[in-house]
């Protein structure tokens, strides 16, 4: 039978099962949120396309620049990161780059990939307190931090770093947001909240617990109105670049079945000493 | 350098980073929880090995039979299940069976794979009430169901089925557990709890909401002392069999880039009508 | 112990096991191919960062625009594509967006994701014939097509489309490449080869077998000097955008355990009729 | 609409799109290759179910014992194996056991998981020479080894081991196959071929290149008539057990974002020295 878009009859339910707002297609035509692909090609950047696909509208070049900054800054944190190590190990096991990327992006879960999403949720909780309780950012941040610790424990997502005394990405990203605020591109509400969180953490501890990459990209995504859950998805896109780069470098380096440590080192075994299998009867 | 197990010096920290109780290995020797592999081969079944690897001890053949029943009963629920559909679609995309299995087992998440784990948690909550509050199973089940609904909403995991009026696997699995109880292999505490849950649900609704596969395998895993989170892992092993079977059948059937519905049917598009890309300046 | 980069002793072999040219890191400093991250942020786009990470150098804005065009044009081909369908199904199974993305990008294998890589290999084979045999593009394309069919069968990767009489992305992308050639950004050697392949296919068949998205992006990647295997990786990045967009839309639509077709339709069963399990003894 | 199996009309094509021999289902009934699930439960083991699902028939308990031996012997080769290391690292990233299993089983590709499949192909090539050329096993093995090296290089899959001078699993598995041959359960043709390969390798090299786990399980799968590609799938099932066991142990050990080496060791950086980002205009 010929290609068709069912509009009634028993096949309509089948077509509706896969309904979407994102893409329309008929033979010879492809449109994303109504924009013909041939009009988009050459006129919008990859980053603008990422926005269109996930938000449904075309961003201004200035907004796209903010998204650019968030996406380009989180691509890689070295082969000690599980996502990167997995990509490199996978690349030596006889699978394609698509598979290496999949095994790696898969682990960007609540711990490895969730801090940005959690920082956004914190900022939004504080912003909600400002909006609803008629208090200023200082008080709202006090209340917000208190509630955050009540719900999730003492760890404040987006601040402090195991490795970097100051995460070099965060102040630079904040400068970019400041610029966008000056230009009237964003309101700066979440920037102010994040800076207030950083300040109060310092006052509490008597030393700076500086904003990290997750806290900084969370400011950008919040200023841009991205949903926290989607922000994790965008982080996955970003980190996919580093994952691909390392999988590809490892492919070129060669190696077979790369394990985590050199082959001649054995792990520590802590289990029972050698013993006999009991007779099964 | 030669293969070695560091016991001190700077390499010890590297060896410790990968410490495990599960497997010991030196050139020519492999032991699982202390049992030499050559003694296990031919003497224990695959199912007993699954137990050894995840629990650290060799199960009796009778206990292994219970695990057998839980594992073999959840292998497949047809190509409408997302895990199975994904396996079949993946098999037509030019990836290996390992990749098709990975894409499919990956989606056995909280919704697709979590009902058994949740049913176990419910049974254990009821059992805790029995142990701690000195009430009988009837009262503990009333309290447990109340608390469950308070915490997680009205849906009771492990009971009722969208498709099957009575899930044919559940009564048969319960008969197997009854047999094991009669033989003194298991206590039957969780069997009694699950039956009580089923009874109270029927009394509440005025009609039977029969136990389903998740509720039934949860009884077996609970009787065997398996942790709820691990039970999901065992379900993943079980479903991996159906996933493999369907990926393999699809490979033999052929096809390229199998989509979810026949190629000539287009989906319903609900987005904006065709529109022009605005000038970017 | 404190964070350190071993330069000798037993730990050096461990550090070397993870050697890389891509990223350097010390506390407070991150550099990609030598560029400090704080200098890159705000100065290079996400697309330029993709190039830097995978090629090791910063591209000119004009080259980045070509890469932009290739990346933004392949993001999505609708929910009939297995990668997109898998993303949507996964999103209803109780897993994170990272997991939905992984299951989906995983299937961009030789069939679903390989045509671009194969088209590049064909173009490069033809280009090698031009370089080595001293023949012109017309003759080299004749020889190349012949050899291609000998090795891989009659299907010519990158040309013709099951669905689109003319793939609307290809001519537009070729116009972008033409522009870059006019501006002296690329040589246009692979553009000429691809156009010659299209012409000869038309002459052979008596009707146009027009270039498709894979054939077109292959021209861009070849002009940019990207290795064919890496081109597949870049396609995976590109398609990850559509995968994310659909997973996210499905998340917002809701649904639990979305199968491929509406729930009330059962599949066709072709196996043996109902039969008894034989006695096992 | 009610649940239905379309037998004609427009919905028939949709039902046929998902046709299968494996599973039949109507409300209240589930059958695998015609066997009602309630008859299988309690009567067949998990291993017999694996056979039924992938081969379409119920195996004798003796054949199932052979399959048991192959499956239970390949579950784990320690945390140095990429599949196991990935499982452990994934388990610390905030994803479920299903996701950890997926990332890990995904890498059982041509290199990490393919040696068994390749050994089977070699045995079958030798067996084909015996059948078709009317020569004995000795001559057929000579010819087969020659052809193997011509096609795939000097590495003979299934023999020799980087780590074990003698792989302790192989001789024990061969003893199990010998027993099955004595009992008339299998012909022993592939056992003889594998032994002949081992012998000729020793004669060539002047020292034993002993059969490894891949060569040994390949004998079992070949004796059982399993297709080589499916054998890789069965290995994936087998290794999934070790993957699950290690992911679970790591979950219990705790840890966040476990990288491949202790956190205080940095990798070796080989890229360009620190440099300035050039002005973009």
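Letters A, B, C and D mark the chains as written, and numbering starts fresh at 1 in each.
In this section, contacts are C-beta pairs under 8 Å (C-beta built on N, C-alpha and C of every residue); 3 or more make two chains touch, one makes a residue touch a chain.
Everything numeric in this text was worked out from a predicted model, so none of it was measured.
Peer 1: Could you label the chain C-chain D interface same or different, taking same to mean over half of its residue numbers are used by both chains?
Peer 2: Here the answer is same, because the shared fraction of interface numbers exceeds one half.
Peer 1: By the contact definition above, name the pair with the higher C-beta contact count: A-C or A-D.
Peer 2: Looking at A-C and A-D side by side, A-C shows more C-beta contacts.
Peer 1: Using just the Cα atoms, superpose chain B onto chain D and tell me the rotation angle to the nearest 5°.
Peer 2: Result for this pair is 180 degrees.
Peer 1: With centres defined by CA atoms only, which chain is the most remote from chain C?
Peer 2: The chain farthest from chain C, judged by C-alpha centres, is B.
Peer 1: Suppose each chain is reduced to the average of its Cα coordinates; what separation in Å results between chain A and chain C?
Peer 2: Computed from C-alpha means, the inter-chain centre distance equals 21 Å.
Peer 1: Just the number, please: Cα centre separation of chain C and chain D in whole Å.
Peer 2: So the centre of chain C lies 29 Å away from the centre of chain D.
Peer 1: So the centre of each chain is just the mean of its C-alpha atoms; given that, what is the distance between chain A and chain D in Å?
Peer 2: Whole-Å distance between the two chain centres: 34.
Peer 1: Residues of chain C that contact two or more other chains, please.
Peer 2: 1, 3, 11, 13-14, 17-18, 20-23, 25, 36, 40, 44, 78-80, 85, 95-96, 98-99, 102-103, 106-110, 113, 163, 260-261, 263, 265-267
Peer 1: Applying the document's contact rule, which stretches of chain A touch chain C when the two form their complex?
Peer 2: Where chain A meets chain C, its residues are 3, 13-14, 17-18, 20-23, 25, 27-30, 32, 36-38, 40-42, 44-50, 53-54, 65, 67-69, 71-73, 75-80, 85, 88, 96-99, 101-103, 105-110, 113, 163-166, 168-169, 171-173, 175-176, 179, 229-230, 232-234, 236-238, 240-242, 244-249, 251, 261-262, 265.
Peer 1: Across the complex, what residues on chain D touch chain A?
Peer 2: Within the complex, chain D contacts chain A at residues 1, 9-11, 13-14, 78-83, 85-86, 89-90, 92-95, 99-100, 102-104, 106-114, 162-163, 256-261, 263, 266-267.
Peer 1: Across the complex, what residues on chain C touch chain D?
Peer 2: Per the touch definition, chain C meets chain D at residues 1-6, 11-12, 14-26, 31, 33-36, 39-40, 43-44, 56, 58, 61, 95-96, 98-99, 102-103, 106, 260-261, 263-278, 280.
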